[in-house]
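Letters are used for the chains, namely A, B, C, D and E, taken in the order the chains are written, and counting of residues starts over at 1 for each.
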Amino acid sequence: SRAPEEPAEPPVSEEPVDEPIEEPSAEGSSIILATTTSTQDSGLLDFLLPIFTEDTGIEVKTIAVGTGNALQMGRDGEADVLLVHAKPDELQLVEEGHGTLRHDVMYNDFVLVGPDANPQLEAGNNISEALERISENDLVFISRGDNSGTHKKELALWSDAGVEPSGDWYNEAGVGMGDVLKIADEMQGYTLTDRATYLALKDEMDLRIYVEDDENLFNQYGVIPINPDKGEIINADGGNAFAEWLISDKAQELISEFGVEQYGEPLFIPNFGK
Amino acid sequence: MELGIHNLRKRYQNEVVLDIDDLTIEEGVITGITGPNGSGKTTLLNVIAGIEDCYEGKVLYGGKSYSDEIKLKTTLVFQKPYLFRRSVFDNIAYPLNLRKVPRDTVQEKVREIGNLLSINDLMNKKGHQLSGGESQKVALARAMVMEPELLLLDEPTASLDPESVVKIEKSLTEYQKWKGCTVVIITHNIEQSRRLCDKVICLERGKVALNGVL
Amino acid sequence: MELGIHNLRKRYQNEVVLDIDDLTIEEGVITGITGPNGSGKTTLLNVIAGIEDCYEGKVLYGGKSYSDEIKLKTTLVFQKPYLFRRSVFDNIAYPLNLRKVPRDTVQEKVREIGNLLSINDLMNKKGHQLSGGESQKVALARAMVMEPELLLLDEPTASLDPESVVKIEKSLTEYQKWKGCTVVIITHNIEQSRRLCDKVICLERGKVALNGVL
Amino acid sequence: MEYIKQGFIEAFQLLLQFDPEVYDVIGLSLFVSTSATVIAAFVFVPLGVYLGIKDFKGKKMISRLIYTSMSIPSVIVGLVVALLLARRGPLGFLGLLYTPKAMIIAQTILVIPLILGLTYSMAKNRGVAIHKVAKSLGGTRWDSVILIIRELRIDILVNLATSFSRAISEVGAVMIVGGNIKGQTRVITTTISMMNSMGEYPMAIALGTILLIISFGIHSIIYSYSQEE
Amino acid sequence: MEYIKQGFIEAFQLLLQFDPEVYDVIGLSLFVSTSATVIAAFVFVPLGVYLGIKDFKGKKMISRLIYTSMSIPSVIVGLVVALLLARRGPLGFLGLLYTPKAMIIAQTILVIPLILGLTYSMAKNRGVAIHKVAKSLGGTRWDSVILIIRELRIDILVNLATSFSRAISEVGAVMIVGGNIKGQTRVITTTISMMNSMGEYPMAIALGTILLIISFGIHSIIYSYSQEE
């Protein structure tokens, strides 16, 4: 089959080698988007990107990695634009001059999930209290433990709750969200997860939501075009175009529609400018 | 063990390399097989030894067909001997160890056969480091030590020096007389077959061309 | 090519298997090497052929030491011949192809040598499917076809039938006379060395025990 | 168990639906891994044979290094290639990262130790006798190399099929240097890995089954070739 | 380049710091992969030799299946084992998922095709001659198997080292069935993979280097054993 050879010659990706800056418009170019696995695994990007390419003519190469890795790629100038969820780190990135600016794009929310039926943990919708009870009762907790956006969020929540998470009950897994959920299910433990991944895997597992809708659980995604000063190959126009597009009314609308059909509720809630 | 060969036909691809209607090899004597190169001698011996088992026809051992029991009483020394990568002693002891012969007896028997074939000074060498003639002697010793009722030899003295040939021939006849076993030996040496063999079969293009006493 | 061997010493582990102070092998004649099994004949031939290159001492070829040029003019037929897994024709043609001999000439030469050794009916068989004697003849043909100035033969007739032995001996002497090449042949057969060899060297325990005319 | 059964069924459905996306993924897998194996083989089969039959000082060390290199984790290969091809890396100007070419490079590096090691060990065991004969007939060492490759071609083909299998079934390196970009660098294993983390087990198993079917096909071809001989 | 250099330096720092956590990870890697290799070897080395020397109907098919199975992706092995061991799976009552035992099971399954395939091909090539001799001396087929294993022990050891290398350098299966849980199921490759996704490249390269050092050590041991013979 000849098909596979086509991508061997990506029509545009090599052009910037010769004419890195001259490109007047981003039309017909391609950008590298470093993002987290949750945006890819949930199917959001597969839904949005074809429309973006249609609108702007810019092709997007998505590299879905951990937030830590994505941020590092931004620092190294290996990506043109980032879509990640670790707000403090993102702001620092911009402050250090690696990114030009940062926009809020959307959020989804985290939920605390755990095994069916545990009266010890009816904490209402207060995440801090729930975490305290987990540690007091030595209930098994699974942490992402991999510097991902989710992991960073979790650590922040522990510190808000004034608990030092350590001990036999606290397991650091170091794998992706889906795998952590499976581990939690298997070990009958608790974990903090983004709602999208939970919804996707819910049917395979005996885990239910214990805490949700606490405003501390909001998971803000931001878009950051990378500073073109970092290297001559960076496609700044493309990156900016992507950021602009994501916060456009059209894209915000699309985001709010995504997932409604399958789960009855949107997986991500657009919030640019809110 | 008397050997009866009936309607034996062996092909490689389309070529018939053995085609023997009826042949009896007598018990308790030494039978020589000779014949030009490529006439099927080695193939015949392999068939008798049960090494080659893809052929038409029948081979009967004392009236019975090939079985595990017969296998334990039969052995073949190959034209190109293969020795194990261990000491000559272990090579010769191997068939005895297979038969769970007690250690002391093994020691004794190996020494005995080593004396008979004058290879006791090779005992500590490795099997794969021997010269052509040395390996042939060790392979013969390894076969004789198990005291087979049917001993099949494929040109066992081809690479031996004349002195060794005399010695081995002598040992072989003595041994055969003593044990009363059946020996089949392939040789190109007419003098040798005259000295050793009670009967001689001559193959030609896979057929028995001559069968009798020299 | 005259061969000069000086202070040659070859060890395996601690054992000295060759120990020759001074030995000359004359140009343009057939020299026989004999001696008991394990006396070092094969080892000596391997050293001369440049196959074995880990030894002390010197081997000189027409006064010069071993070189690529000499290698092209020298060949050895092993005691246990190894044939390539391709047709006998291709086996024999191999050394000619190595030397980039034109196709037609290759055809012709292979047929010629095949006639000489009566192996033309084997040409289409595969090298690894031959009988012991057949392989020995093919290996000899493969060596002779390259018309070496120095031809080394390790028991080349050990597995041949008597008729073939006569034929090969005759071809070999004729060939040697015709080309005037130097031939060294290991044999255990005293009759054979008497028939073939102009000079005979007898090895014993790695040393030259006899060197002269039979 | 249910998932596994379902996976098999889906494998055939997938193949029969003639979904161009699925065939693109399969095609790219085949293209990348075949290219890597062929490129590596051209240099490293001869080199492996050569090293196997040559005696030289330090051969012991080389042996150990060759065998050691066989255990280099594919993630590390991917990472190092990615760092070299990255924009700021020494070869960044080529703009190869996240393209099939980068995947071929990474897999080539990945199969080199395997091809080298398997060929080397084959030549050491069975090539030396052939080398001796070639030498005795006046051949150079390179003549021996060619002869050995021809004599042992079936075994070499099996070794190459093993290496190809390793390449087409690995995920670490292609994921890092390819990035699993839809329509561009997505191959069977990166898709499996993604399906797995999305909880779509039957689909993952289906793709795994397809991979095994491909491998079976390749071994069947080699096998029937070896029978013809 | 900088990352790579830094990685090497960090590798030695890591080893010399005697950080118990690092040594735990290395220890578990060794334990899991060694166990898997040894368990698989006990059954599948003899079986491989046996199949290699036996002539039977359907041998061609078996050949192809054995070689094909060598290309099963480790992610699939991990996934299937995880599905079997999961609480809701048929073996869930054993409670093995996310324990080192599960990792051993997965890696055993992963190396079985490799051990079987390499042994099988070795026996087919070089065992048949030995089998003939053993047969001529009155040995059964199993006697031949034992003899061949002893005669070709060095080659078998090299094959096992290759299989071990595959096991210790793979990440797909152990990641899925082990979960990379700190202090419990974290091995070298899962840590490398995690470090990579955290963007900590030098650390990843450091761990990769350590893995190669281990592998080099193992091959050195085998090598010096083979020299003694």
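As a convention for this text, contacts are C-beta pairs under 8 Å (C-beta built on N, C-alpha and C of every residue); 3 or more make two chains touch, one makes a residue touch a chain.
Just so it is clear, the model here is predicted, and its values are computed rather than measured.
Counting hops only between chains that touch, subunit B reaches subunit C in a minimum of 1. Placing every chain at the mean of its C-alpha atoms, the farthest one from subunit E is found to be C. On a Cα centroid basis, the chain most remote from subunit D in this structure is B.
Of the two chain pairs shown, B-E and A-E, the one joined by more C-beta contacts is A-E.
Here the spacing of subunit A and subunit D, counted between their Cα centres, is 33 Å. Each chain gets a centre from the mean of its Cα atoms; for subunit C and subunit E, those two points are 48 Å apart.
Rounded to whole angstrom units, the spacing between the C-alpha centres of subunit C and subunit D is 44.
Taken residue by residue, subunit E touches two or more other chains at 176, 196, 201, whereas all remaining positions touch fewer.
Residue positions of subunit C with contacts to 2 or more other chains are absent.
Within subunit A, the positions touching two or more other chains are listed as 179.
Screening every pair of chains for touch gives A-D, A-E, B-C, B-E, C-D, D-E. Contacts from subunit C toward subunit B in the complex involve residues 12, 34-38, 41-42, 79-80, 122, 129-134, 137, 155, 158-165, 188-190.
On subunit D, the positions that touch subunit A within their shared complex are 20, 23-24, 27-32, 86-88, 92-95, 97-101, 179-185, 194, 196-199. Note for the complex: subunit E touches subunit B at residues 129-130, 132-140, 143, 147, 150-151, 229. Those residues of subunit C that touch subunit D in the shared complex are 49-51, 68, 71-78, 82, 84-86, 94-95, 98-99, 142-143, 146. Contact residues on subunit A toward subunit E in their complex (touch as defined above): 65-66, 68-73, 142, 145-148, 171-175, 179-180, 182-183, 185-187.
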